[in-house]
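I'd like to ask some things about the structure below.
Lettered A, B and C in written order, each chain numbered from 1.
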Amino acid sequence: MTYAPRAKHESTVSRQSTRMPDHNFRYWIIAPSVFLLLLIGLFPLIYSLVVSFQQITMTDYDTSFAGLDNYLHLFEDARLWQSIAHTLVITVIALPLELLFGLAMAHLFLEKMPGRQIFISLIVLPTVISPVVAGATWRLLFDQRYGPINQVISWLAGHEVVLLWNITPHLVYPAILICEIWQWTPFMFLILLAALSNVDKSLTEAAELDGAGFWRIFFKIVLPAIWPVMAIAILIRGVDLFKIFDVIWALTSGGPGTMTETVSIYTYVQGFQQFETSYTAAIAFLIVGLMSMVVIWAIRRMGLAK
Amino acid sequence: MSDVKISGLHKTFGQVHVLKGIDLEIPAGEFTVLVGPSGCGKSTLLRTIAGLEEVEQGNILIAGVNVNTLRPRDRNIAMVFQNYALYPYLNVFENIAFGLRARKMPDSEVRSRVHFAAEMLGITGLLDRLPRELSGGQRQRVAIGRAIVRKAQLFLFDEPLSNLDAQLRDEMRGEIKRLHQDLGITMIYVTHDQIEAMTLADKIVLMRGGVIEQMGAPLTIYERPANRFVAGFLGSPKMNFILGDVINRGSSHAMLLTDGETIPLPQRSGGWGQSIVLGIRPQHLERSEPITSVNEVRLKRTIEIVQPTGSRTYITINIGGAQCIAETESMEIGRPGELIELSFDLSHAVFFDPISGAALV
Amino acid sequence: MALNRRLNLFGRYILACCLLVFFVFPIYWLFIISFKTPDEIFHFPPVWYPKNIQFANFSVLFKDGDAISVLNSLILAGTSTVIAMVFGTMCAYSLVRFKTGGENFAVWVISQRLMPPIAIIFPIFLLYVYLGWVDTYGGLIILYTAFNLPYVIWMMRGYIEDIPLELEESALVDGCSRWRVLWKVVFPMARTGLFATAVFTFVFAWNEFIFALVLTRTEVVTYTVQVTHYFGGQSNFWAKIAAMSALGTVPVFITVSLLQRFLVRGISMGAVKG
């Protein structure tokens, strides 16, 4: 029998002469993850984009091409811009306060003291609670009549004080901020405490011997040392604050009126209560687009992926 | 027992060309040492033989079979790593048995093989321990045991002794040599340590910059280095290199050093060129005795540094602008600043081209 | 000097205790309400501690069937955690060992963790309506798995990087397939990291609210959504809010306190290696 398996064999070998049989293993093992990540990472972007060019509402499943109408409407939508403003207000107030309080607390617990670990373990508990439960808890605490907060204020004032925390316009923001700061200062505290403990003691001690004061040592030595970790904590918290939803949902539901409506709450209302499907898609696309740019820039800047 | 044939092997990592056309034949049962400075490609070559790096160009044949596309586990090789690569969550027995379990070997066979290897290495008492409870030397024995039980056709060692202290290293070196004599398996051993290379190898393969500079039996390379790099790499302290101009003295040639000294040159068919580098090993630069050979060169120099090591003493002197070391057995050689008379036999000298570095024979 | 230091320590204790009160009192209040009788809850001035501990508020939850939401949370968080751990660890291994996808892929993966859920959930909701996946275990498990994957990949990447390459290479030479290396070397070597990451992944899924709010109706309502069901326009079901919150929070407290030493690395996404 004459056949030419040899030639055939050689051609297959020469074609893949540099590859071992399990070369594709690397792709097999990322396939399931990539598939699932596309569901939340790519599909929403594309689908939002498509729907945002249509005119779908609750009453009217109108898939005809709407051009940029929905996007133009974004600019005229005062409520959207207000919700962005609300979100930014909460972010720019809460983030520095959490950072400062966290840093101060980290300094307080940096030195050894008996029972330190117990204090730390208890103080970090708020961070692991579900944000919606945290909001509910503070709603109970802020209750005008049966909540303990008004009671304490009454004691301090010496007469009965009734503050309507989640209704009175000038009190809703303090209420939300107190809850946010309560829940997330321990997060900053824990991370900064770990970062501070990792600062090389010989550096600070040498500076102390040279006569540098606390603040000088902090800004010249400690801060640069903890900055990489601090930057990541700020990124995580900043992004979280921009997404804020659960706490406000439980505490004020965006009220009174639309006073505490954040971007997430407003998007929810448009999409799931007023069923402005196409318009909500435009908002979603805008948010994801903007956030992607900011987040990817920050991640690259910090070299997180290296 | 298998032979290994490597031809035209190339490897690049990104922009870096790590192996630039390696051709190498390793006869069955031989102990081959790949040696060279760090970054010379010796480890990459070993890892490519193991199948841990893919072949880009060229061929690797083990026992006549092209293994280019075979996975490491299909090549029937055993490998000992620098950091021992012991699994911290398995005890010594299971560490040694790991490869056998992967091949689904029956339990009784696993048991007998592990005990055989443990006895051979004197670690029978440690089989129940975890790696973290072992000393460095014991861990290295376990790592070797794991290779032995495999009964592989080829043993690869990747700098196995570089994490051990000097004394243990000497001990384990002897152990590995004995292992090779007992098992007779083909072994390829990577090291940057020229003493390990000299003591262990049947054949040394000296690499630099992704190419093989020279290969051969240790003493052959030591005495007849192909170039200045090889000459300088093997031997400790390093060979002394002295640069000089070639001058014509009638029918013969001589070398003129910068300090005015002249050294006669042997006859050479091709002539000597403009200038030349003379290489002489420290142990061949001896304190002068009454003349014994016609080829002897005598030099009188000032002692600069004296470094006694106990058995031998290193003396630093200046010859023709080069710091040279002479190695003597005697203790009483004088102090720095004093004069000393040294001599060497020209037959021990090696000459190199100052530009290409190639040895001139 | 010694006196000064003692005063200093005393001052630090005072401060620490004030902080403790601020951070722990709200949790105390939540739990204490769940043990109070209606009279004590709706009493003015507030009752600072209940006269008797009673569990009626909890038994109501079980009697009414509301407690099933805790079971739902357990099923959703548990299943999605297991799947995310398996897939995520495999993916992380590929990222570390083969640099699959390079830096761009890694950046993309981690950026998914930071996307606003509301913008993701809206198109997903439309898709799920179309597929009939709203209010199903499967739909939510897939979403939770996907949403937790970036975290798992990110954390496991750090833990896998700590595994010496030699261990894997030695196993490959010794006769293991790539899969066996993953199973017999990588998983055991990363087991503490796997465990810690799994717990945090579980807690994130357990505490999740917005996806569950949008995608559940009656069948797979989670405890976080159930809590918000008790908010009324005029009157709130205080006892139920507190009891349900306590039911959902106790397991988190227990698991996290068992994992104290992984806490920093877990919440900082690996920025601090504890």
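We adopt the following convention: contacts are C-beta pairs under 8 Å (C-beta built on N, C-alpha and C of every residue); 3 or more make two chains touch, one makes a residue touch a chain.
Fair warning: this is a prediction, and the values are worked out from it, not measured in the lab.
**Student:** Drawing the touching chains as a network, do you get a line, a ring, a star, a complete graph or other?
**Tutor:** complete
**Student:** Does B-C or A-C have the larger number of C-beta pairs in contact?
**Tutor:** By the number of C-beta pairs in contact, the winner is A-C.
**Student:** Approximately how many whole Å separate the CA-defined centres of chain B and chain C?
**Tutor:** From the centre of chain B to the centre of chain C is 56 Å.
**Student:** At what distance in angstrom does the C-alpha mean of chain C lie from that of chain A?
**Tutor:** 15
**Student:** If a residue has to touch 2 or more other chains to count, which residues of chain A qualify?
**Tutor:** 22
**Student:** Listing for chain B: what residues touch at least two other chains?
**Tutor:** 51, 71
**Student:** Enumerate the residues of chain C that touch no fewer than two other chains.
**Tutor:** Answer for chain C, listing residues that touch two or more other chains: 177.
**Student:** Please output the residues of chain A touching chain C within their complex, sorted ascending.
**Tutor:** So the residues of chain A touching chain C come out as 22, 25-27, 29-30, 32-34, 36-37, 39-41, 43-44, 47-48, 51, 105, 108-109, 111, 113, 117, 119, 121-134, 136-141, 145-148, 151, 182, 185-187, 190-191, 193-195, 198, 228-229, 232-233, 235-236, 239, 242-243, 245-246, 249-250, 263-264, 267-268, 271-272, 277, 280-281, 283-285, 287-288, 291-292, 295-296, 299-300, 304-306.
**Student:** Looking at the complex, which residues from chain B come into contact with chain C?
**Tutor:** Chain B residues touching chain C: 47, 50-52, 71-73, 75, 77-79, 81-85, 87-89, 98-99, 102-103, 146, 150, 156.
**Student:** Per the contact definition, I'd like the list of chain A residues that touch chain B in the complex.
**Tutor:** Per the stated touch rule, the residues are 13, 16-23.
**Student:** For the complex, give me every residue of chain C touching chain B.
**Tutor:** Interface residues on chain C, with respect to chain B: 164, 166-167, 169-177, 180, 184-185, 188-189, 191.
**Student:** Which residues of chain C touch chain A in the complex?
**Tutor:** Checking each residue of chain C against chain A gives 9, 12-13, 15-16, 19-20, 22-24, 26-27, 29-30, 33, 41-46, 48, 87-88, 90-91, 93-95, 97-98, 100-101, 103, 106-112, 114-120, 122-127, 142-143, 145-147, 149-150, 153, 177-179, 182, 203, 206-210, 213-214, 224, 227-228, 231, 236, 238, 241-242, 245, 248-249, 252-253, 256-257, 260, 263-264, 267-269, 271-272, 274.
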